[in-house]
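Labels run A, B and C following the written order; every chain starts at residue 1.
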């Protein structure tokens, strides 16, 4: 998320009650979570395990709960006891949740030739392009951007909050919600089936590339980037922060884990599970997904165990 | 889809800009895709691989992008460069998408004793029988026919478009939507759980047989025919054009591929995957689904590999 | 379900047309299905296989289709031909389905600071606590109780009917719906993702414990009891009557069967299937789910079959 206008580091330190060390004069342009951070951004970290990753990231300022770190040249740190709480305070200030009371928010822009059918909801600052069809009972939540000739079938949800929590098991509620302030971007000529859910980015965007088509009940996690001309069959689930390159086909009920990459033109056969990155241009199968020819041979080998047993035990 | 009234072959050739060869005088009664075509119908084909299948199908007229084929006796071909575009033009002419602006379309017929709860949508030409309960936030899309004593739980979608595309990878958008002009037919005493999606037929119908019961989040693809007294547990997905005979039980998260048949009274255990037809009357398990007893023995054999290894390697 | 006030056993016998044997004077306080029955309750049984289980349960009165049983001391039996029909008659009398015609029922109570967004439905006798967010197109069905600071994302359904049928294959409709008269209870600080479905208890309650967080498209069956601080990733499905103890993590697309227990702090890895109870504090994987370390070794053993084969066959 970018702020409406850059803010000074000293204002920010004062706002969240932090001590400012290192760079003091640069402006802060926005806040992002670590996977999507850019130069000029603020990021937060509250666990020593991730200190280095955040300090060495493109972020210009780091909210951190220790001053015993080496500050990279040109960067500033904002030291406070509860960086996660500081993140929440910043998001609530710059992007407060203001639920629309209308079916179609007055701030939404809907292009010529587009139809929003009954019982659908279009939230604040949503932009829908030309010649789109939004079927009934669809929820398009705040800040979603939709291109031209997009079809969203009935009952789908675009822009739901990320499934992303700050976790500490020494308090009564283990999980605290990391407020989502990102958005969903759906490019031209995409079709989303019925009963799909696409989560918004935590601080950045979830993107569905041009011409990609999804069947019913497909789930796309926060910050996932789907390339153009992909084809996802029904009940596919993709976790957060993953990259699906162009022309990837995922058949029914495939599950894809988080923050990995599936290369261009890969095909993953039905019900497979993808726990780590896959090279493009090949066909995969099984859990964990392997090249389909390898996996098929493996199934044949399993069938031969009784013969082996007989040979060995006789 | 049948046309409102039969049309002459010459009118049709003129309408889509095709040359007519072979039979010229017969009437065309409707258009269907190849899996559901009947005598009197028009079908289209644009790939030489499928020319014969379409020419030899029950269709009376074939839209095709070659005149170098042998025309079966009594049939006519309509030769044009882009048969798929011709299909789209025909569907848009005879079955234009006319989104209802009302929650319950004026053309819908709802039987005595039936309840449609708030925030549900009932589209054009929908027929709902007697003593049905349509729970909140349900979308029943155009042309759906529902019998008596049917229960559709909240958030379900009946009659979403088929996931069916014309695919060519030498153009910017690989996938062009094959417009759906079919419908869903739900027979008496069916129950559909919450959050289910049932796609309409592409040109014909998707049918759910009498007394069949589905749990939540079940997906049924286009043109699938489900027999009476089936039981589908939660998160089952069935792809398009498949036949599920009577009394079939599919347990939770089972996936079934397209255009296959599962025989009467078969039982498929949870999370199994069905890539090809299964005979009736048996219990299946695993991916690919095999008879459960076979698959269970296989799991035992896998456990014995270390023992085999020890024996052989010692 | 408890009745509005206790009723006499003789009134009940007369109401359902049954003969009363054994205890005649005690009052009946409610009716429950066998998994959730308490002292003072009525239960029904119509198959000899389950006679003993019901007679020996905590229930004080048993509707049964045989008088040739031994009645435990202090209990009464109500003998009739069709106990299941008697159950339906009792539920329809004490808990008739009265669909709300309003988006938000007049009998619903919504706490201070809570927001119900457009196109959401709130049924009869629903109680929503303070500072909750109910996103658009959510269905909260009759009798649901929701605590404070609960978030329910768009398109979710809370309180759908149980997938629970009386099954007899010698009649035209094999499955007759066991009417649900139970409810859903969601404790404080729970978050439900988009497109989730949580079924009500058949006669008792389905409960989601304090601080539990669910991603999108999670399905929870009737009467399931989920402890506090659980984490369920997208597309998890849990069947009915299961107990998930506190702090359990289920990763994406996990399936859990009915009436089993997953112990506290267990972790079940993505796409695993759980057919029977799991001890707490361990990590599980595969179908059927086993300890992850065991299962991972098994995958390595399978890879070694070709080497074994070579050694043995050479």
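In this text, a contact is a pair of C-beta atoms (placed from the backbone, for glycine too) under 8 Å apart; a residue touches a chain by one contact, two chains touch by 3 or more.
Keep in mind that what you see is a predicted model, and the values were worked out from it rather than measured.
By the residue-number overlap criterion, the interface of chain B with chain C counts as different, with under half of its numbers used by both chains. A rotation of 120° superposes the C-alpha trace of chain A on that of chain B, rounded to the nearest 5.
One finds 32 Å separating the Cα centroids of chain B and chain C. With touch defined as above, residues shared between interfaces to two or more other chains in chain C number as follows: 119, 137, 155, 195, 217, 235, 253, 302, 305, 308, 312. By the touch criterion stated above, chain C contacts chain B in their complex at residues 97, 99-103, 119-121, 123, 137-139, 141, 155-157, 160-161, 163, 165, 169, 172-175, 177, 195-197, 199, 217, 219, 221, 235, 237, 239, 253, 255, 257, 273, 275, 287, 298, 301-302, 304-305, 308, 311-312. Against chain C, the residues of chain B that register as touching in their complex are 115, 117-119, 133, 135-137, 151, 153-155, 189, 191, 193-195, 210-211, 213, 215-217, 229, 231, 233-235, 247, 252-253, 270-271, 302-303, 305-306, 308-309, 312-313.
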